[in-house]
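What follows is subunit A paired twice: with subunit B in the first complex and subunit C in the second.
Right, the complex of A and B next:
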C-alpha cells in the first residue's frame, strides 16, 4: 500500500503542468461521506466522554477514572503492552519472511503470496477459535510438546504469552503485505554496487537494504499496532484473568451497562493512543510513505535519532551475521532463511487447515483430530434458518458495501489521480483516516449517531459502517489503477473521433476493469469478515455470518461453527482467486 | 443502572423508533405455512436449551392453536436489546426469556413489561415465587459445581469447601469470570449457609476468593465455554449452570454435578405494547402446563416450576434436576433484587480484583 502512494505522487509530479483542479471535485462525495460517518460521530463520542451522565455538564470524571491508577489504568497499560509486543513480534518474524518473498522471482512470489494472503483474509475469530481447540489441555499440540519433554505443555491456553502469540499470528500477514511492496521496489543493483565497493554481503544488507526497507517496516508497525489496540476477540477467547483489553471494557460499558460516558472516554483514549503513535513514528522513522510524501522529509533531532538507531542496529546485526556466516557458510544461511519462511507459512496456515477435519466430525463437540467423520454438521448448517439467513444477509451486505465503496472510491481516486494541488494530500489523509481509528471506535461512534437516525438494527446501517471500514484499502487499489492509467489514450481516442461515451466504454473501462474488480472483491471481503460494526449496528437483530459465529462461540460452540468456518473459507478462497486474476499486472 | 439518564441512553433508545417500520421484519425463516396465519416470535437463550424449548413449547403450541411460533436466540444479556425494541416499538419479539434480575432491570425505573394477567387459580401448582405480574418462571437452573469423574475419581469433591481445598482435592479448576454467583460460592465455601447469604458480605467473599485465585487455571466467560471446558477435560472441576453441565454429560463426557450452591429461574416476559400481546399471553399460559414442562425438563435437565410436572418425568431424569427434592434442599435462591442493585459496582470490583489482586 505504502509504495503505491509514494510511487503515484512522484509520477503525478513528473507529469507536471497538465493538471485539472476541477477533477478534485470528484472526491467530494467520498469526503462528505467520511465527514458524516467518521469525523462527526468521532467528535460526538469525544463530547459524550466529557459530559456528565445525569446533568450534561462538562466533566473530566471519566478520564480521571481511567487514569487514576486503578483498574482502567491497568487495562490501558495492558492493552498498550500487548499491542506493542504484537507489533514487535510481527515485525521481527514478518521481516525475514517478507525479505525472502521479495527475493523470489515475480511468478514464484505471487504463488507463495497466496499462502500469506489466505490467512490475511481469514477472520481473526475463526483462527483464534481453532487455537482454542488445538492448544487445549488434551489437544494435539500439548500432546506433541509433552512427548518432547516440555514442562507445562498441558497449560498452553489462557495466559499472556498465548494472547500475544495468537495476535502476532493474526496480524503477521498484514505486516508482510505492507512490507513486501516496499522491498520489491528496492533496486537489487544497489547491493551489487556496494559489493563492488568492497562491502560484505551482510554490510550491504544492513547498511543499504535494511534502511531502504524502513518505510515499509514503519508503516507495517503503525498499522499493526493500531489494529491491535482495539482487539477484543483474542483476549476474550484465549486470555486469562489479567489479559483484559480496552476493547472488552468498551463492549461491557456500552452493551451491558449502557454507560456511554465511560465507554466513550475509553474509546477516546484508544484514538489518542493511535494518533500519538502515528505522530511519534513519523518523527522517528518517517511515515511519509503512508501520507503520500506529505511535505517531504523532516530532519528534526528525533528523525536523526531514528537514523542513528537504525544505523547502529544495522551495524550490530551485520557483525552478528558475519559471525553466523563464518560459522555456517553463506549458502547454509540462505537455506536457513527459506526453511524458516516455509515453517512460518505452515504455522500461518495451521489453524485454518485444522478446521477442515474438525468440521467433518461425527461427535457433538469439537475435537482435533476427530474420532469419526461425517457431514452431519454441514447438513445442520444448511438446515438451520439462523445460519442460512445470516449467510444470505452477509452476502447481501457485502455486495451492497462493495458497490457503494467502489462507487465512492472510484470517483475519489479519479479525482485525486488527475490533480496535484495542496489539497490532495489532505484528501488522501482523509480517505486513509478509517485505518487509524480502531474499528471498535468506529462501531460505537456510528451506533450512537445511527440511533438518532433510526439506522440501528438496519441493514443499511451495517452497510454504511462497512463502507467506512472498507474505503481506505479499496481507495488505494483504485488510486493505483488510475495513476497507472495512461490518460493520453483517451486523448488519442478523442482525436480519432470517438465520443466521450464511446471512449469510456471501449478504451477506459477495459483498461481499468481489473482494478475495479479488485476493488469490488476487496471491499466485499472486508465486509464479509467484519464483526465489530455488525455486532453494534446490527443491534442483535440483523445478524451477519461473523456475528452468528460470535454468538455461537458465546452460546453453544458446536461443530456447526467449524462447518460454517469451512464454508466461509471456501467463499473467501474462491473470491480470493478471482481477486488474484483480476489484480492489475505488477509494474 | 438506574443512573443511566440524560440524553445518552434516551436518545440512543428512542432514536431507533422510526426504524420500526423498516426493521419490523425479523431475521427469521418465513415458510409458506406461515402465510396468512397468526404468528408470534419468541426469543430464548439458544443452544441446547433452545432446542428443548422448541420441542416442549413451540411445536406443541403451534399444533394445538395454529399460531406459529418463531424462535430466535438473543444475547446472553438481553436487557439492552429488550429496551431498544420497546422504545423503537419494533416488536421483533413478542415473548422473551429473561431471568428475575433482568426483570428488575426492565421494570425500574421505567416499566418495559406487559402484564401477564394469569388468573390466580391457574397458578396453584406453581412453586412459590414462580409467577409475578409480568413474569412466569418455567426453568429452574442450579449454579452449582461439576467435576470430571475420570480425573477426580479418587477424591470426588462434595461441595464448595472441597473446591477451595486444592491440597486434598488436586485438579485443574475453572471459575466464572464474573462476580455473579461466584461471590456466593466463596461465601458458601467459607461456611455461610446457602439459605442465609444475602445481603452478601462482599469483603469476606473477596477475601475468600484471594485464597483460591492461584489455583484457578481457566476463567470461563460464557456458558458455551463452560460446557466445552468440561467436555474436553480442559478443567477437572468448575462452577457450572446445571443445563451447561448436563449438555456435557449428554455428549458422553464423564462429568458429575455436585448439588451445592444456588438456584435461579428463567422465565417468560412480554415486551410492553406488543400488538400480539394476547397471543403472547396464551403462549405463556400454555408453558405453565405440567405436561409441557415435563418434556422441557427432561430434555434440558433444568427443573420445572410446576410441581405437577414431576408426575410426567421418569425418576432417573427427575433425580438430576435442580428441583428434585434431594437436590433442591441443598440450594439457596439467588437474590435477583440484590444483584439488580449491586451488579455494576460488583462487576467493577471483580474486574479490579482480577487485574490487580
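Right, the complex of A and C next:
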C-alpha cells in the first residue's frame, strides 16, 4: 500500500495533474551541503596537488617526490603496512568476539554490547593517552613484565608493534559494530539444517556461517582500513620516528611548512587508495552490503575459490574438532570462546577504566595506580579558564552540529526512504562519501576553502566541518528509522480524519522519536570528540576540548589531562546510555 | 490442565501395546518417556511414540503443543531432559545430528542463501564425500524428481515459495535418509499450491519408501496425507490412529473439537441408555458402554445432522447463519436454550433463510459418546 501511494504521487506529477514534487527533492539541501563542503574542496585539493607553487603550471612534481624512493616513500609504505596490519588484527581478533556476541540471546547481547560500545564511543585520543601512561617506562605494564623477567619491558613505547597494537585496540570496536548486524541476520536454522544434512559443527561453520558473514567482514575491513590510513593520533603519541604515517606528514607540510602542493598530493593519494579499496569491495560484494548487510553475493571464479577454501577449512577443522572434542569435550570449546571474549572486552575497557584512578592522583605526574588520591586536578581543571572555555565551546559546537546534522539527515533520509528512483543510489553514495574520505583530508580541504571566506578560526567553520563528518552515521541511523517506519499508518490516520499536521504530531513523531534522538546524540558525540577538523580550522583561538587535550599531551603529560579525560568519559557515558535508551528494542 | 490430557490418553484404545513382542522389528522410530523441560516449562511430557517402517505419520496439534520440540529432539538438535530415542532398535539419544542420517525439511526451508539450487542439493552428498560423478547424477535426479531440473543455477532468492519448497524436498530426499521429518513444510504456501504439494509429498513418500513424520496444525492436511495421525496437546500425544479412527471415534471432546467441526451435547447418563442434556434427553449409540449417573458428551458431526421442518426433529432451533462452500452449505442454528449447532445441507436442497425456524435430528448410531 505504501508503494501504491508513493507510486501514484509520482505518476500524478508526471501526468501534470496537481503538482506533487518527488520526495527525493528533500535530499537537495544535504546534497548541496556536501557538494559545497566536501566535493568542491576535495577537487580543489586535487588541483593544488598538481599546481606548481611558484608558477601555477601543471606539474606532477609532488607525486614524484612522494614516490621517488626517499623518506616520503618510506612513510607511504609504512602507512599502508600499519593500516593493513591494523585491519587484519581487527578482523582476526574481532571476528570471534562478534561471533560470540551474535550467539547470545537478544537481551544478553544488548547488555554485553554495552561493553563494546563504550570503547567504541570513547575517543581515540583518550584511549591512546591512557596507553601512553600505562605502557610508559614507569607504567604498571612495564613493572609487571619486568617482574616476569621479560626483556625490554622498559621500552614498550615508540615502536611498530605498540602502534599496531594501539590502533587495533582503537579500531576493533568499529569492526565488531559493523560485523555484528550481518551475523545477527544469519538464520540460526541454517546451521541446524547443515547439521541434519550431515555437516559437523566445524563444517557447518566454514561452509555456511562463514561465507554468509563475509559481507560484514569485508565492510568492516574496508572501513577500518580507510580509517587507519589517515590516522595520526596513535603513531604521534605511541610511535617513534620510524612509525611516522601519512597523516603526520600532511600536518607537517600544511601546518608547519605551508607546502600545500605536497600536503594536497599526500591527501590525494589517501583518497585514491580509499576509493580503490571501495571499488574492489564493490566489485566483490556490492556496496549495498554496507547499508543492508549480507545482500551482496559475488559470482564467478572468486566465489568458487572462496567456496573451495571454505570447504577445505571445513574438512580440516572437522578433523581438529573431532580431536578437540575428544580432548576437551564439546562444552569446553564454547567455554574457551566465551573466556576469550570476556578477556578481549576487559582489554578494550582497560585504558578507559584505568584513567579514573589516574585522574585522582595527588602527585604532579601521572602514574597508574597513583600513590595518593586527591581531587586537586579536578579543581585545577575547573579553575582553569582555558579548560573551562574549551569545554563550553565543545558543548556549544556539539549541540549546533547535532541540530544541523539531524536537520539535513532527516530531510535526506525521508526523501530517500520514500522514493525508488534511479538517482537514489547516487544520493546514498554522496551521503556516505564523508566516510570514505579520511577526516584529515576533509579537514585540510575545508581549511583551504575557509581561508578564502575568513571562516578559519570561527565556530561556524568547525560546525560545518563536524557536520560533514557526522553526516554519514546520522544519515544511516535515520534512514533505517524511516525505512522501518510503516507509512501506511499515516494513510490510516488520514482516513481516520487526522489532518497532516496532527498526523505528524500524534503518529509519525512518537514513532520515530527514538531514531531522531539517537541521531542527535550520535552527531553530538562525533563532534564532541572530534580532533582533526578542530585542529586545522579552529586555529589557535577557538580551542575545543579535544584540541586542548591534544596540545597538552604534546607539550607535557600532566594529570589535568587525565581529569579532563574523565570529564569527557563521564559526558560520553551519560550520552551513551541515553542513546541506548533511545534505541528501539528490536535488532 | 495436564490431568485433563492424561484422561484423554487413558481413554485411548488406539495406542499400540508396548508388550507385543516382535512389533519392535517393524518400528522405524521409538520414543520412550521422552521429556523436555525449559526451566519450569514442560515442552514434552513423558511422551511415548512408535513410528512404523515406511509410514507417513502426522503430528497434529495446536500451536505451542510441542510438535517442533518433538521433531528437534528426534533430529538431535535439542537434547531431551529424560527418556530414550531408538531408530531401528538402536539407541541414538546421544548421537549428534549429523550422524543420525535423518532428513529434516524446515518450516522456512532453511535453504543456504549463498549456494545455488544445485549446490544446496549437492551439500548433503558432499558431506558424505560422494565421488563427483555420482554426486552430479544423484543431484540431477533429485532435481528432476521435483521438476526443477532447469533451475539448478538459480539462487534461493530467485525462486518462488513453491520452488523453494521443492528444493528443500530435493535436498532432503537426495541422500535417501530412511527417516524424514517435516515441520509444517507447507504452512507458508497458499491454499492451491499447498494442495498440489501435498500430492507431491504423497508421491515422494510412495516412491522413496521412506518413513516420514510430518508436523502440521491443519487438520485437513493431516487427514489428507497420513497413514496415521498422532494428536498432540499440551506436551503429550493424546490420541494416535488412522485418520478415519481419529475423525470418527475421537477419544475425548478436546480431540473431537480439534479435528473438525463437531456438535457436542454434554450431559448425564440416565436409565435406558440415554443422555440427559440441556437440549433434551437422547438415545445413546448402541455400542457405547457407560453406566447410569456418569457424565460425558454426545458428538454429532455436521454431516450427520439432518435438517427438518420446524417441529419434526429432536431439537428445535432457528437459522442464524448460512455459509455456502460450493459442495454444500454450512448452516448454523441456535437452539431455544441458546446453544449453537452446525449442520451441513447438501447442494440441491431448498436454501434456508436466516431467521427461519427449523429442527435437527440424527440417527443414534451416527452419534459418538465421549465419556468425561
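A few comments on the model shown:
The working rule: the second predicted complex is superposed on the first by the 523 of 587 C-alpha atoms of A that agree within 3 Å, B and C clash if a C-alpha of one lies under 4 Å from a C-alpha of the other, contacts with A are read in each partner's own complex, and residues count from 1 in each chain.
We adopt the following convention: a residue touches a chain if its C-beta (ideal position, glycine included) is under 8 Å from a C-beta of that chain, and two chains touch if they have at least 3 such contacts.
What you see is a predicted model; the values in this text were computed from it and never measured.
Overlay on subunit A: subunit B and subunit C fit together in the combined arrangement. Contacts of A:574 after superposition on the shared chain: neither subunit B nor subunit C is touched.
Of the two partner chains placed around the shared chain by superposition, neither subunit B nor subunit C is touched by A:421. Which of subunit B and subunit C touches more residues of subunit A: that partner is B.
Judged by the touch definition given at the top, the superposed model places A:499 against neither subunit B nor subunit C.
In the superposition on chain A, contact is made by A:256 with subunit B only, not with subunit C. In the superposition on chain A, A:375 contacts neither subunit B nor subunit C. Looking at the shared chain after the overlay, A:197 reaches subunit C, while subunit B stays out of its contact range.
Within the superposed three-chain model, A:363 lies in touch with subunit B and out of touch with subunit C [touch as defined at top]. In the superposition on chain A, A:543 makes contact with subunit B only, while subunit C stays out of contact range. Nearest C-alpha atoms belonging to subunit B and subunit C sit 47 Å apart in the superposition, given in whole angstrom. Those residues of subunit A that touch subunit C in the complex are listed here as 187, 189-190, 192-200, 203, 207-208, 211-212, 297, 307, 311. Within the complex, the subunit B residues that touch subunit A are 1, 3-9, 11-20, 22-23, 26-29, 45-48, 72-78, 80-81, 84-85, 88, 90, 92, 172, 177, 213, 216-219, 221-225, 227-228, 231-234, 250-253, 344, 347-348, 351-352, 354-356.
Within the complex, the subunit A residues that touch subunit B are 48, 51-56, 70-71, 74-75, 78, 133, 136-138, 155, 157-158, 236, 240-242, 244, 252, 255-261, 363-367, 385-386, 388-390, 393, 447-448, 450-458, 539-543, 551-557. For subunit C in complex with subunit A, the residues that touch the partner chain are 75-77, 96-98, 100-104, 106, 108, 110, 112-114, 119, 123-124, 126-128, 155, 171, 175.
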